[in-house]
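Structures for review follow.
In the two complexes below, subunit A is the common chain; its partner is subunit B in one and subunit C in the other.
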Partner chain A sequence: MENTEQRLSRLRGGGDPEAHNARTIAAMTRNPGCVRRAIMDAAGVDKPAVAAAVGHPTSIGRLSDFAVSRGISFETRVKSEGCAELLRLLREQLGLPVPQAHYEDLGSTGKGETVSGRYLRSKAMLDTAEQGTGTLFDHPLLRLSISGVWAYLEPDLVAFQLGEKFYVIEIKSFPVIDGVADASKVAASVTQSAVYVLALQSLLSEAGRDPGLVSHEVILVCPKDFSNQATATLVDVRKPLAALRRQLSRMDNIAALLHLLPANVTFDPELPAMELAQALTQASARYSPECLAACEMGSFCRAEAKGSTAILGRTVREDLGGVDAVSTALELATGRLQPTKDLLQAAHVLRLAQRMRTEALAR
Partner chain B sequence: MQLRAATPSGTMDLDLRRGSFTVTLNAICWKCSPLPASGFSSGEPAKPKTGEYWKRVGVWYGAGVSSMDDLERTISGLRKQIRQSVASNDHATLAELRVKLRQAEKQWDEALDELAPAAPATMSLLPLREQVHQALTVLTVAAAPKLIAAVHEAFFAGAMAGGQLTHLRRDEERSFRSAPHARPYYLCSAVTADRLTPVRGLLAVSTWPLERRVIGSLSPRVDFLTAAIRVAEHVLRPGAAGPHALQLLRRFAASIPGAWADADEVSPDMVMRAARAELDVHDHSDRVQRRAAAARASKQLDESQQLFGAAPLGVARQAGERR
Partner chain C sequence: MSTLTALARVQAAHHGAAQQICTVRHLHVHDRPLVLVPLTLAGETNAPLAAMVGDRHGNPQVLVVPRPRLREQRFVFVERLANIVLSYVDGFTDDVETLPAKRKDDEPRQRFTDAPQVWVPNPGGVEYLRLMGRMTRFRQTTGDYAVAAGVPQLGKWATWLAEQAEYPDSSVLVAATQALTGFWATGQSSLEDGNLAALMGWIAPPAGMTAEQAAATAEDPILCPPAGPATDPQFDRLVLAPALRDLEEAPSDAVRVRVQERLTLALREQMQPTWDRVWQAIGLLGAQQPGGSVEQRWAADRDRFSDFVAYLRDTGHPQAKRDSAVLGARKLHDMERRLANFEAQRAFDDPLVMGEQRMTGEAFTGIVTWSDPLRTVTLSRRVLRPGIVVETEDPLRLVAGDADLRDPQRPNQKASILRLSESAGKISVSLELQGGTGSGLTAPPGSVPAVGERVTYSRLQVSYMSPGQFPARDQTPWTHGGPPQPYAPATSDAAEDWS
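Presenting the complex of A and B:
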């Protein structure tokens, strides 16, 4: 009898599972109801390869060179001279006491250092960091178990100890103008930071310390008002953290979801396109337009959902509860179809909308 | 050795053995040249004669030619996309593309700056290693190339590209290994207090005591404050308070509590006072850590490792053997 591990391996077409990173882990929480995604992520299927194989290549997660170099140069500036700029921010904005000015570089030392060696170094350093002897930890290496496989995460930033707590600091190059930043970018950074918070908690509990030492607030450092200066903001990540925990435990219980798939189905990117597309449809999806920015399968799922009301977004789908096809919605709106009892409410909304449209066009 | 640099307008061949230099032009057309006007002096560029133009191109194209080619391709691609978005009234994309274009053009200008030789009036006649030594002697602490370049620009003749410093340390190490102590000083590494390995991106001077080159967890801050004091002292010297020097001092002042009252005015005395006050807080713990690490390093490391740091694996193995 095949166990879960073997089944997952067969699902991805053999070979090693795709390595997750903070972005892909954060993205997992974006559509928790989607079985297709949960199974593909748990199995570590190479989603970009699958999407390309079925004729819907994706560019998600591929940052432009400009974005990358802008990000790196801002991070370097904030961290230069022993994180002088960062210390200023933390002192001025968060009241970091002056004696706490320690800096530890936990970044890769290059040749010869293994990932697990680096992880152990980070763990030892963070574990022994008593209050007053450790402040800033640059590029610590953390890890999270994703359905039984370690994903190593390197916060491109610093975890530090302010008072009794560890904080995750995320350095981002999008500007905060008059105290306001691009909401979608903030949301994405916050979910990513939540991944680091979770990983830091798991590091501390592995070291036998209280995971509650990690603050549920993260510090977001961004350029201020187009200037050369940086600004720091505290952001609460409790909500994304809860979503993340839920999704990860769901993936740990992947066996239950696997039963929904016929035993012969696999998502091997090497399969012929038709066969692969057919296999994908065996795992039910839950497409919404947000998928396009969050999941490598977005374009495939949108094509699949064509003609359904899901493609119009979550709010529309909820307003039209029970009406799944766009064509049905049109027929209800124009009165060509008489609503059954359970569709009365939706039909009412649709007729109203149709009347308003006709009136608007008649002007 | 033969080198070829391909440009959108032609190719340039260089034969180093024979010392010959050939330029082949595809077309001579100033208007469609890929170099934007901003690459030249400010204002309207005078239309140069063909020969003159190529002389400049000859100077520019070299090490950075491929990245500049890529940038030029990106720029013209972006311009095309901008035209399309204007035509289709797509304002959202347009704004984004404009930002990208500006960045690309800025990068192009920066790449050009790196290629163009510095103006002779502001160029130092000293070899690079001596310029670095001069700057580090002002600072008295290990420093990153960017800071070294800024100090040199502030107090000595002219600019130094931080990028040129990347290979310096390796060259110095090679030279020390082949003929130890043949030079009065070497530019060497700072070493980490815990593992005695070289610290990424810091340069130091071999004649300094080991204790000063060891970097513990408080040392980056201590060295920053020490550097601030040294820069402030230097600014106070007659004739040293040039615009670059004041700008450098302002940069230090911004990150030291109590070092400035007014963003435009910066007072060296105030910077010194504030930096010393913070230094008093960290100095003792830092000294203890550095001293212990330096003692360990002088026992465990050979002479060249003391200067250039232990190899990460070597230290691990030694530690394992001792156990």
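Presenting the complex of A and C:
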């Protein structure tokens, strides 16, 4: 009998699973009801390759080089001279009583150190850090279990220990102007920070310490106004953290979802396009327009959902009384279709809407 | 969103063409608008890269910042943009009309006979202007960080325009995508409607293409450059980055000029399709019949424009970074009142918008089956209270005792529900009417709906804009932070980084 791990490997067409990062893990929480996505993510399928292979290439996650280099230069600035700027923010803006801070760079030593070796080093350092003083840990290596497979995360962030508590510090390059930042960008970085919080918690539990030592408030560092100066804000991540835990535990139970798939189905990007597309349809999707920005399969799933009311958006579908197909909605509205019992109410509202539109547009 | 709009989307998806969700247009469309298509440099905060701007479709001005990371060059760009925008705006300050005073003791008021209307492709363009305003209005024209006079002036105008755009009843700054989706529903989602090219594809697909093909093409940044202000990352990598590098490294002026021409041409190609689409949108919307109250709302825009011109001529301090407590409360009050009026006016002008109210049972349309224009009741004395019965098939949620209902055709007449009775799927509503019938005991002909007439009653009403009672600036109570410090130009503001 094939075990789950072997099945997942065969699903992705052999080879190593795609490496996850905080962005892709955060994105997993965006459409938790979708079986197709849960299986593809759990198996570490190369979704961009699959999407391209079935004729729907994606540009998700693609950033302008200008944005990337600006991000790097801002981060370098904030972290320069042993994070001097960062410490100033922690003291002055957040009022944290940082007496004198130590700085530990946990970045790769480059001497043939393995990833897991580096993880162990991070763990040891974070575990034995002397309490009471403030310590900044730069480039720690963290990991999360995604359906039983370790995903290593190499955040550009700093974990900060103060007293008993650990804080996650995330440096972002979108501005806070007169105290206000773009809400969607804040939301995106908060979800990513939650990934790190969870990974840091799991590191502490592995080291036999209380995961509750990780603060559920993360410190977000952004440019202030139009300048290169930095500003820091504390943000609560409890909500995205809960969503993340739910989705990851769902994926831990991936075996249950795998049973829904015929045994011969695989999502190998090397398959002929037709066959691959056919295979994908075997795993049920739950498309909504939000997918377009959150999942590499968005364009494919939209094409598949053609003719359904899902492509018009969640609220539209609700306003239509949950009717699935565009044609059904129209036929109910014009009275050509007799509603089944569960659609009586929807049909009534649709007929009324049809009457009003016809009446108003005819005049 | 509502079932009416949802149904329109379903119809659009089915027919492969956008469907009207209004019978008239509720937006004022200027006959000489200014169109602005801005592009910014990725990664920086609202750093201008280029813009296409002008008040004639065939004659755009193309502004390019050849070295967008240099602060001086950004201000050169702002100065050039200011020249264009300010001369456009100033063009509306020549002709004034005189209006009777609002209150008895006031002087007669003056206002400009027209006002500017600026179009940007999408809400990102509105945000661009807001940030541009924030970035430039505090600059000073003297001292160490002196900028050209137009720079802070543009900042104040950009701030004002962006502020107006927060109110749905104002038409001085219009985002094309929002104007279009206010009139048409497409067969895609509202998220995809944010892409001007895709949206226009549903409304007016290019010859030989279906709406769906046009919308699909619109998602390919190579075939269809994004409407900005952000540029396509591929364009940044393949075209912009090499050109900027070549400019930095140009060995001679001759080479620099050539590279600059190449860059300008490339940026122009990125903006041109959007420029054309915004003008096309203006044309399409302008061709629609305007609603009855559009003129009145534009007059209110002209009022606010006139006030702002007067303010600039008087003290003209740049707007504060944050609103004071009193100003914030006043804005909130204004917003609610203007929103309610806008809702009511649209519904009165447009049976499809009224349809939304009828769907929720907050309004009903029906035929008058009985009318007694001479009905009287005795209060302290005998007074005229005509009665009518309206038969409707609408899903009514109003109940007996509900009062203050109005029919758009008789805005001065109030109706209250006396009784409701239902038979054969129809509801008969008995209404008592008050007002709009003169002072005597006989109603003038036509002032009371007659049998057979089609009427619509709703709770909506257009109230007169009574400004709320707010303490004057210097009377702000201490609970709200006390009187705000008047703005004093600070050198630190003028010197603020823009990096």
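Operating definition for what follows: the second predicted complex is superposed on the first by the 323 of 363 C-alpha atoms of A that agree within 3 Å, B and C clash if a C-alpha of one lies under 4 Å from a C-alpha of the other, contacts with A are read in each partner's own complex, and residues count from 1 in each chain.
Going forward, a contact is a pair of C-beta atoms (placed from the backbone, for glycine too) under 8 Å apart; a residue touches a chain by one contact, two chains touch by 3 or more.
Just so it is clear, the model here is predicted, and its values are computed rather than measured.
Of the two partner chains placed by superposition, A:Asp127 touches none, neither subunit B nor subunit C.
In the superposition on chain A, contact of A:Glu75 is made with neither subunit B nor subunit C. Using the contact criterion defined above for the overlaid structures, shared-chain residue A:Thr109 touches subunit B, although it does not reach subunit C. When the two complexes are overlaid on their common chain A, residue A:Ser64 makes contact with subunit B and with subunit C alike.
Within the superposed three-chain model, A:Glu331 lies out of touch with both subunit B and subunit C [touch as defined at top]. The larger set of touched subunit A residues comes from C, when the choice is between subunit B and subunit C. With both structures placed on the common chain, the touch criterion links A:Cys83 to subunit B but leaves subunit C unconnected. When the shared chain is aligned, subunit B comes close enough to touch A:Ala101, but subunit C does not.
Overlap of the subunit B and subunit C interfaces on subunit A comprises residues 64, 66, 69-70. The touching residues of subunit B, when paired with subunit A in their complex, are 100, 103-104, 107, 144, 146-147, 192, 197, 199-200, 217-221, 223-224, 227, 254-255, 257, 278, 281-282, 311-313. On subunit A, the positions that touch subunit B within their shared complex are 64, 66, 69-70, 80-85, 87-88, 91, 98-99, 101-105, 107, 109-113, 133-135. Within the complex, the subunit C residues that touch subunit A are 1-11, 13-14, 20, 23, 41-46, 131, 134-135, 187-192, 219, 221, 230-231, 233-234, 236-237, 240-241, 321-322, 350-352, 355, 358-359, 394-395, 496-499.
In the complex of the two chains, the subunit A residues touching subunit C come out as 59, 62-71, 173, 175, 177-179, 223, 225-229, 289-290, 292-293, 299, 307, 309, 311-313, 315-317, 319-320, 326-327, 329-330, 333, 349-350, 352-354, 356-357, 359-361, 363.
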